[in-house]
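Structures follow.
Across the two complexes that follow, subunit A remains constant while its partner is subunit B and subsequently subunit C.
So, the complex of A and B:
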């Protein structure tokens, strides 16, 4: 019997090339600005040990020194000092490291696991019910509550916060991934792949995962900002890292009692959180518009 | 329709069981002896032993869970370490103020957010639309504690317009209203952003429908079309989608209550965790989880009731 060339190729339609979407992203001035801000802050945090002018834990006699631009400020301490005489700039640089770590680890681990579970649910009708029911149940505990519960059980620590935020990110991402996955599973190229007798693993990885990736990355990037805000709130409440380690939410809380005399101690770390989350949200929105026009807000 | 409601109730019942198991397991996760944790770090050994025996902590895990669930069903949530009062009494006193704060926040932020979202949708693409959306993204990015601190400083300390500590009586009294104003304003400010975004997309969705085009073709004014034909239909998804943001609001409430010393469940939960009052922490987490579950159930049922597409 002669070999018949099938006219159908099971090759899934590839998303627009990386260069193309990158060019479109760079055409949006707000997105460029947000990306630059995020890159700058990340680099500053990464190189904190080289950039920080002082040891962030070193107490000095210059207590509650205002920032350099105010009347009493000096260029010795550009962002002033806190109630223990520690340099605010150095502490913000080190604190940003932890804040970014909380956001990346919380959104990355939780979002990644949730996305994988959601895609499995979309791929396998047998597992769909159980996975989504568990996700529904997990959704019944808001992130802050999960954070409180986990900290109550294992004590205040960075690990507890990351664990709580990662667990809290799972069900949301699973739901989104299932939605995205289900619509991909209805496409003809999936049917073609199955008709060609490709293995399930190949269909899952090459057809489903690859095509869902951009939507999922967008959602996880949007989750990043939320995770940072919840983590900072938990730290502000005294449920995160323990002093003297600097974390932006905790630093804002430390300046609370002296807000009247030295507002910069709270305002500077709070504004840093605001700028990071705002840049992340703007980038997320822009990425969504570029990578996934279906999700675009009208 | 009935099937959907029943399924939601069944899921909620399962969630209730899961939440109970979760709260029970919290005690098992605590490092060290659970009896010592409940009795307190400085309790003498005989007190620890009596706690262990009375709560059955020396028995197998399934027995312990059964005993825990039975006590919960009887409304016994244990004794607070710090105040030495029943946890159920402490929680009962805190639920009212939290509900009051939520109400005071929603009563202004939902109409304001809806109005802003509708305005943005009506002027889609204009400077007004962009400004409102930019402000809503900025609001979504602001840490709630920062808003609380700024408002306390400006309105409470510098201008001395409103008190910023604690609660003085119920909402309908002048002092009660003055004391709730700042916390409700702060909490509402973080909620306006999501409400405006949801409203904008719901209104835009409805504006594309045929009946709106017909209304326009009849020559009705833009305002009349917006209010009578668009907003009316967009309100259902707005209310339900806003209901789904209950978790976001609860997170904000925990921080707001702690900053303004508002005697609600959130502040109670944080205080009990910081002071290692485990029974109280467990009770507060349980009550918050159950309230969240009930809100979700009500929102789902409401959505199914109001949206004819789901009823099919």
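So, the complex of A and C:
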């Protein structure tokens, strides 16, 4: 029997409208605050070349100046300078840019690919076993170790760190997507679609992917925070970008040996990472609350 | 009742006094790095040397000036007219930690082991071209050379030449220097927990220490514990809280704080026999141009870096080695260019290196962006990032690839990079030049690929020289050559700085091999 595209007569439940969940999101004050923080940080990072008071790579003789609010601080360097005399504020602005890029690219590529593989596994019983066994193998490999191996193989670069984080994100997302996909595949509308003779591609895209999308987005948004933390840890270990490019984890590492004497060099980038990850996690939680029908009904 | 209380108080007091006395007899030194073994002939690690000097003895000992030789296990020595035969008369009152008497046979075995190619000692070349090393009786050792070797006595003061017990080597096999080491030094092997601590115990019968010290033995403390503390902040805290007594690996940023606390003192050596430098591979396309190498020297401000990053605790290096070094050639002093950014820019302009849109220079389609292989770790990273920032000001974009200590040495043995960073200890100018400038030592340790027949000939002539003047002359020729070619950017010369608790008497810094404490015979609790 040949498969034909027929008008769908048994429509699956559609995701709720964007406006509706957006309204629900805005009713949560914590979510609004987290979104504002994320938006503010993202804008500051985006406009770093215009906002940064100094060239982030330019050293000076003003070594380890404390932040402006300290006794010895000056308004010339609001967040102080590092051990090379570089302006910490400028480096944090540029560093945040890179940290966000690493988080977005790592969680986006890895999460996207993992989600796709998980849904394929849920959709095709034939591919389920092989895909999930590979995911299991990847899960047993710590992200830091994977990062070390990739950097050793391809050298120290932004691409290497994103690749490591993306690969590390695949198995987690694949597992979640398979779970979500399997429960969707048990729904009657899938059976109805198949009974109507819809193409596999149509069922996969219109029925499975569309209905799994909200759950997957929530997971990927929460994964974003984890990716930033792992990326910062890799940079802290010296596996991240090349100097003099600033990245928050790397900046925290650079202040490690002078922590007793100039704690701001490590504390300021570490706090920035903390705020970004916290805001991302709160946003992820809020997204789950508004997108998950079971949470909504509580 | 009162009498019972008094007795209790006395007993408690006695216990406390006993505990304090016991603690006083144990000294803890914190350090950053660990060695992978303590086999004297098979390791060149600084971390091994600083322990080996306390564990063992050498035939000849060295004063802190690194110029004056004094008797060690050898009471005296005689050199033949042709410079080929060294006859050592050894002490007859020396014994190993296990009580076995020391004889010339042990010395012959140890030095033959150093020279034997089968040992694969990283310091084998330091033994010279050996014809034979033989014990003619229990107290006489004859060291026969194929050709004169003017550095021999100096080399025999180093940790590689530590005298060991051949029975101990046979008994321990591959575990020699790992699970134990029977030696004649002021301290004996206690317990080694790799990457944690090395405990040394006093060699009770030791009385043959070199005249470098007022106390020639036994050692004045019962145990010395070398603790590995990789984090600089933790080392500082360990000293401040009394968990450690002394260290020579305290970051310079902490010195001001230690100087302000009466319970601590900092002792610095009079000489600076450790030099850090940036090296350039002469035959790489970007580094072939002497204008590039000279411009980089012009644009690097050693004085500012030392003031800003090293708080003036080290000496800005405007020479390839410290000018107080034996056989240094003062004619080379002005050869490292003074800081002048504008002159550096002009030099590059004239050499055809033109700045592109992003400010980085190019020539014949080559971007002036040398690849730099660096060590991870905050101190080396700080140095290389400083260089990078300075070079950007003249349009050179240094690309830094950093590697963990476990892989950096293998990366530095390749020919795939343009620049690197290294530090080294030396006893004489010839010591450093033989290591780094001999063509047979390419690629490591001659990582700049300095391949020059005249240099080899001069170094050979200096080695064979039988008088000090000739040796200094030949060595001086090489110093001039490499300085003129601008193969390095010297960074700083570093004296040894020991930070110590005033619970101890002042400890004299000793620069031999960059170690700091030498035999530790002056480590004592203050009264």
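The rule we apply is simple: the second predicted complex is superposed on the first by the 284 of 298 C-alpha atoms of A that agree within 3 Å, B and C clash if a C-alpha of one lies under 4 Å from a C-alpha of the other, contacts with A are read in each partner's own complex, and residues count from 1 in each chain.
Rule of thumb we're sticking to: a contact is a pair of C-beta atoms (placed from the backbone, for glycine too) under 8 Å apart; a residue touches a chain by one contact, two chains touch by 3 or more.
Only a predicted model underlies this, so the values are computations on that prediction, with no experimental measurement involved.
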Fit or clash between subunit C and subunit B when superposed on subunit A: clash
Partner chain(s) touched by A:278 [first = subunit B, second = subunit C, both, neither]: first
Which superposed partner A:238 touches (first subunit B, second subunit C, both, neither): both
Which of subunit B and subunit C A:57 touches, first, second, both or neither: second
First, second, both or neither for A:153, with subunit B first and subunit C second: first
First (subunit B), second (subunit C), both or neither touched by A:266: first
Subunit B versus subunit C as contact partner of A:257, first or second or both or neither: second
Which of subunit B and subunit C A:85 touches, first, second, both or neither: second
More subunit A residues in contact [subunit B versus subunit C]: B
Selected from 168-176, 402-410 or 510-518: the stretch of subunit C that, after superposition, runs into subunit B: 402-410
Where subunit A meets both subunit C and subunit B, residue numbers: 152, 155, 237-238, 253, 256, 259-260
Contact footprint of subunit B on subunit A as seen in their complex: 133, 136-137, 139-145, 148-149, 151-155, 225, 229-230, 232-233, 236-239, 249, 252-253, 256, 259-260, 263, 266-267, 270-271, 273-274, 277-278, 280-282, 285, 297-298
Subunit A residues touching subunit C - in the complex, by the definition given at the top: 57-59, 61, 63, 83-86, 152, 155-156, 237-238, 242-244, 253-254, 256-261
List of subunit C residues in touch with subunit A within their complex: 231-233, 236-237, 251, 253-254, 257, 304, 308-309, 376, 378-379, 381-382, 384-386, 388-390, 392, 399-402, 404, 407
List of subunit B residues in touch with subunit A within their complex: 11, 14-15, 18-19, 22-23, 26-27, 29-31, 137-138, 140-146, 149, 152-153, 157, 197, 200-201, 204-205, 246-248, 250-251, 254-255, 258-259, 269-270, 272-274, 278, 281-282, 285, 288-289, 292-293, 296
